[in-house]
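Heads up, there are several structures right after this.
First chain A sits with chain B, and in the next complex the same chain sits with chain C.
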Partner chain A sequence: MSVIKKVHLKGIPFNILPETLLLAINMSPIGGDERNGSNFRKKVVIIDENVAELCDKILQNLSNTIDKDDLLDEFDIIPCESKLNQSPVIHDLTSHKVALESWCVPYLFKHSYHQFLWICRKSRKTSSTSSSSSTIQSSNSGPRRDSGNIASAKREKELSRKLSCLSESERISKGLLLSRALIIINPELTLAWNYRRDFFHPSSLEALEKEQRFVSLVMSRKPKCPEGFTYRKWLIKKALQKSLVEPSRIQDFISQEIDMIEQPIRSYSTNYHAWSYRFWLLELVLTYDKTVVSKDQKEIMLDRELQKSNTWIKSNVSDYSGCHYRQKLLDCMLNFCSDGIPLLLKELDENEKRIFIFEGHESLWHHRRTVILLSINHLKKCKDNNGSNAPLSSEEYGGLEALEKTFQDKESDLVQQIESKNYNDTENECSQLNFKLCQAHVKWMERRLKWDLTKSVHLEV
Partner chain B sequence: MKQSQFNVPKTRVCMEEEGLINQKLPKELLLRIFSYLDVPALCRCAQVSKPWNLLALDGSNWQKIDLFNFQTDIEGAVVENIARRSGGFLKKLSLRGCQSVGDNAMKTFSEQCPNIEVLNLEECKQITDATCISLSRNGRKLQRLDLASCSNITDESLKALSEGCPNLTHINISWCDNISEKGVGLLARGCPKLRHFIAKGRMFIDNDSVIHLANQCPLLEVVNFNYAAALTDEAIQRLAQNCLNIHYLCISGCPNLTDATLLALAQYCHKLTTFEAAGCSQFTDNGFQALARNCHYLEKMDLEDCVLITDNTLTYLAAGCPRLEQLTLSHCELITDDGIRQLGMAPCAAEHLTVLELDNCPLITDASLEHLVSCHNLQRIELYDCQLITRAGIRRLRNHLPNISVHAYFAPMTPPPPVGGSRQRYCRCCVIL
Partner chain C sequence: MVKLFAISVIRRPIDGPPDGRCVLLKGSYDLASFGFFQRASVKEFMSFSSQTIVERTSPATRQSVKEQEFFCHVYVRVDGLSVVLVSDIDYPSRVAHTLMTKVLDDFSSKFEWRSVGPEALDAYRDLDQTLAKYQNPREADALTRIQTELDETKIIMHNTIEAVLERGEKLDDLVAKSDNLSAQSKMFYKTAKKTNSCCNF
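Moving on, here comes the complex of A and B:
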């Protein structure tokens, strides 16, 4: 169980609004005429009672929409002004999308943020006093306020008047509702995520899956949000810890989550967090006890992932995060199956093909290097084992020594081909780049692997 | 300055054997003073000195206790201590939201405090039937009991209460999942003096239980059957016939009820002041015509989602209910400007009408707002999603009724620039020149 970081509330200034919101405010009529950054702070939305009511209503609308429609797959903020007397929560029932009109976002965010902070403070207070509650402690009520700030003091007073009539459980459900709205508008707000960690207790798998869907909805707008991925990890851990998932269904549960990850991966290329989360999930299955997930199942899963990542790399050659994922997969596969050499050779072949088709993509070259390193290490390991369980196919290639030579020959072949193809063709920029990358590759091999290819190749630097 | 003045006599007092204030004032007076303090202040006083401790923790100061502000901090031991200290004095206790209080504490409590009259156990989720059984054994004086959201309470509790607490007048069993219609029947048999019966949000209320209630408890005044989806006309008819004193009736979320319900209410329950019927989608103008003709004291009406009603209902209400204060017509899609005009001209409009909810009425236009100009008391009007309403219309209404708060989905107006901030263009001498 990871230690949940508590964010200190005191240090958070009230007027902080994330970049997206600044944008939204600039588009809305309030800040429209003045784009000057320095004047902006004075113009930040003012929340009076009427606005608070409006925000509560919108909040309720948004929350109802998310609760009602289980198939929602996309959320966004639409830049537009308020012209009609119409709910700013736009819900497309047929295609299951939900959106918020931008004019309400600053108001909504500010309003919910204040209320949320109040609730956070309150819940922190009760959790700290509950340990020493044998006598009734005097509650000199009201959170600490900054001295001299009359406006904020007044607002605090108003808030505590409004919210202190809520009972504990009502307050928690309100906090959950607010944190959800805050997260969907600004997923970078760690405080809101942490609040959900503290107070969202999934009692059943359905509740948990609902939460997962919500995180996916958040990621449809911000596919690269690291907080979201850590929260997802937490959810998975929670599910396994509380054994919400039956042991026989664990593999399905994880592969379902892997499928859900496809969407943020697709909507933002080189999404590092998504890929590393994906590998975390896979590792979770691979390291699971044999009695729960059998070895065959693990191998099937690994195989499926290998195929999937292959198709991904085929269409996204410059996504090194995807390549990285594949390298880790290969590493796993080498440990898993008895004979990994053909796999590695095949990988190098495919990579070679791509290097020729998609010229000048550095990530392909980097991928190649890692695969070579992987193979060399693998060979070394086989050697250390004294050949007792040497890979079967090493016989075909004539022993381990000969295998290393095979790899070496492969590289020199590649370098030769590139040289012969591109040496005189200086017109094509991509080819030139490819040529340079190839030179770097040769250098790297010299330095790292002590392979001297210059004998066979006449490359001039 | 103030503090130093205060400190001098205090230190002198501390040096003497017994405080000066204790010599000057008799104990009775001190007790009287303490009786005005709240719980934290009393606890603080109890820590001053031994005599004060005795006085502050005297049972007479602890007749009414509300522990809502402490909620989760309250544990069983606290309640037991309070019960021991206050004993027979304690008459009112609210443990609303105190989730850590369990059966054992409540058992000690009911044994120590036999004179308890008002007990609020809302959201004490740990208590079970054992609490109610011990209450029924000891608390014969119990009049009001609130068990809302206590999910472990079952029919056994109601049975025990019906046997041991014949004086019960108020009961709240909202959101108690484990109660069935049988329990309600038992309760009705044992507590004929029941006046308030509140059972929100659950399906366990059915026709039989309501008929039992109607037969056994003729004194009922406040009845709440929110979301009792199984109810039909027969039950409410019986209720209306037997309980003529009903002034608050909530049958929101009972979609099977028809105009027959309204006719029965109109015939018998003339004292009705609050009537909530949100989601009763079968009610029509005919029913409300009868109701408006007979129940002249109606003050609050919630007709949300009564989709069949038209302007005629408003005409009848305007004519028959001069005391109308709050009217909710959300989602009543057939309402038009004409109905609002009738309402605006009614006798209730000028003096009483304070809240009008018209959200999601698509036919309402700015003309409606102009008809409402004469409602001087109007404080709040909801116009969410009425797409024919414009900003200009709202501004015109605001001009006539400056204190009104209008709720619509328009972006809030930019506040006027602060007056003090803008500097004068000319210096003073230039102005003089």
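Moving on, here comes the complex of A and C:
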């Protein structure tokens, strides 16, 4: 059993807060559809001074927890109502997980968001006084006042009173703190990510790695968040640009990052953003300057990825994003190695096995088509070069022509097997679907590759 | 992903009153892919829906119920001993059903299941092993071949849990009424669908 500890604030424990205040939070006027209790955006959340004070505390508490525990690997929002005298920040010390209780989230978000906007506007103004070309920016921040909304004007005044006493560096660190809280609650907020791009300057690799861990923490809740992946890219570029990583360690650094995004890949199936980011990382290494990353190192990396993606698509049959990644890997491999044909043939064999175990999965058939196309294009390329750099294994199969025939025979074998299976088992829905997919496959081969399999196979296409 | 989440063996009364309660004899779970703070609720929900579906499945029937990204496979034997297997939608359902037959055969050969209580089964670990072993459906390949002609029962497919419920019943009401679900799980049920949508917290 793991121990869940309720974190108390340093100095002021939560039980000092008047109970009525906590009650006020539960009772405060919330408009919108009551039955739809989870949709906080529809609710009108009113933040008065007492609530603001409480939000500040929760915010502080959350940041402290994130700062203190370097091993945190999961964040979540737990749907529940408020319990009196307890901090809504739940920190599991043994397994390093942190969570917020959902009742405080709308208040915390709104409160932090207002403060954050104020800070953003302020920092934009200061930068406009220093640079000449920012007259447009300052006029942009003006109209907010003119809107004549009394409530927002009042809020503005309140915020200025509270925050204007901060020095510039204090304001920036407050902004970073707020942006972190906002991102962790709602990572789709581009403004907050951009603020971090402007003001987070990693001076050492440790600081950068800490930021990477934070993004991973965000992704443990929202694994397919595109803003997060763009930010990760930015971090990697920054690290290489500022040469925070030693040239000899670049390959390790990227491998480490690849390992880190395994988690979002696992927790959300067909996570396209994650897979394309993964390929971006790999490409970065493969195209890196030869003097820094040696060819051997690149090959090791490619090999590792090929193996990993193989185990992945074995157990994730309908994840086409994963298949797509593998196709790109195979393509890279053909350019990199002298002889990729055996691997491609093996790929088709494995795919065939899966087609029989997991009947009726379209992604398997699509993957098959791409692999065939890859192989045929590769063979063509070899032919165009007059066979001068023909793959070694083509000898084994009796030349390039024969090799193409091998691929063709493989397909007609598969089609025959599917056909015979279908006669035995017409009841099964999945088998029927597989049969239809197989027909489509035959049609495709006829159209695209001009392979006529209908002669050898009695299929009604 | 091809994954098995839970297997539970349930005793369904057939002689008693028609609304007799099912008894969950033994359950085994693999919830590592769920969020840490959600696991307890997910577990409660899996056993809740397993029992709900078994109560609404007549003896000697096989059903496969799809609910969002999960599949609940149910098999109630003629004598009322039942098994539910929760998997994701990619797990081949024929393999799942063969596996379930095997689980029930093993279970009834080892225990006097009509009288045994859930407490007596604490040390029974076979279910955990089965769950771990058959995460890879290839393991079950040999099993499938033996069983093909053995079982002629047709598998009834449903697209939602609601389709299994009796007329006038609603899942929301059942959840609200249930004693087996904690308050937090009920809250979780209301919010669960929204987590993955964009710009929502």
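Worth pointing out:
Just so we're on the same page, the second predicted complex is superposed on the first by the 403 of 461 C-alpha atoms of A that agree within 3 Å, B and C clash if a C-alpha of one lies under 4 Å from a C-alpha of the other, contacts with A are read in each partner's own complex, and residues count from 1 in each chain.
Please note the rule applied: a residue touches a chain if its C-beta (ideal position, glycine included) is under 8 Å from a C-beta of that chain, and two chains touch if they have at least 3 such contacts.
Because the structure is a prediction, the values reported are computed rather than measured.
Applying the stated contact rule after C-alpha superposition, one finds that A:C104 touches chain B and leaves chain C untouched.
In the superposition on chain A, contact of A:K68 is made with neither chain B nor chain C.
In the superposed model, A:L54 lies in contact with chain B only, and not with chain C. Within the superposed three-chain model, A:K383 lies out of touch with both chain B and chain C [touch as defined at top]. Of the two partner chains placed around the shared chain by superposition, chain B is the only one that A:S87 touches, whereas chain C remains out of contact. Shared-chain residue A:S169: touches chain B; no touch with chain C.
In the superposition on chain A, the residues of chain A contacting both chain B and chain C are 81.
Partner chain A is touched in their complex by these residues of chain B: 39-40, 43-44, 67-75, 77-78, 96-97, 99, 122-123, 383-387, 389-390, 405-412, 414-415. By the touch criterion stated above, chain C contacts chain A in their complex at residues 1-3, 33, 35-38, 89-90, 92-94, 135-138, 141, 157, 183-184, 187-188, 190-191, 194-196, 198-201. Touching chain C in their complex are the following residues of chain A: 37-41, 74, 76-81, 90, 92, 95, 97, 99, 102, 105, 109, 185-186, 188, 220-222, 224, 266-269, 315-319, 357-359, 361, 428-430. Contacts from chain A toward chain B in the complex involve residues 28-30, 45-46, 48-51, 53-54, 57-58, 81-82, 84-88, 103-104, 107, 126, 129-130, 133-141, 164, 167-169.
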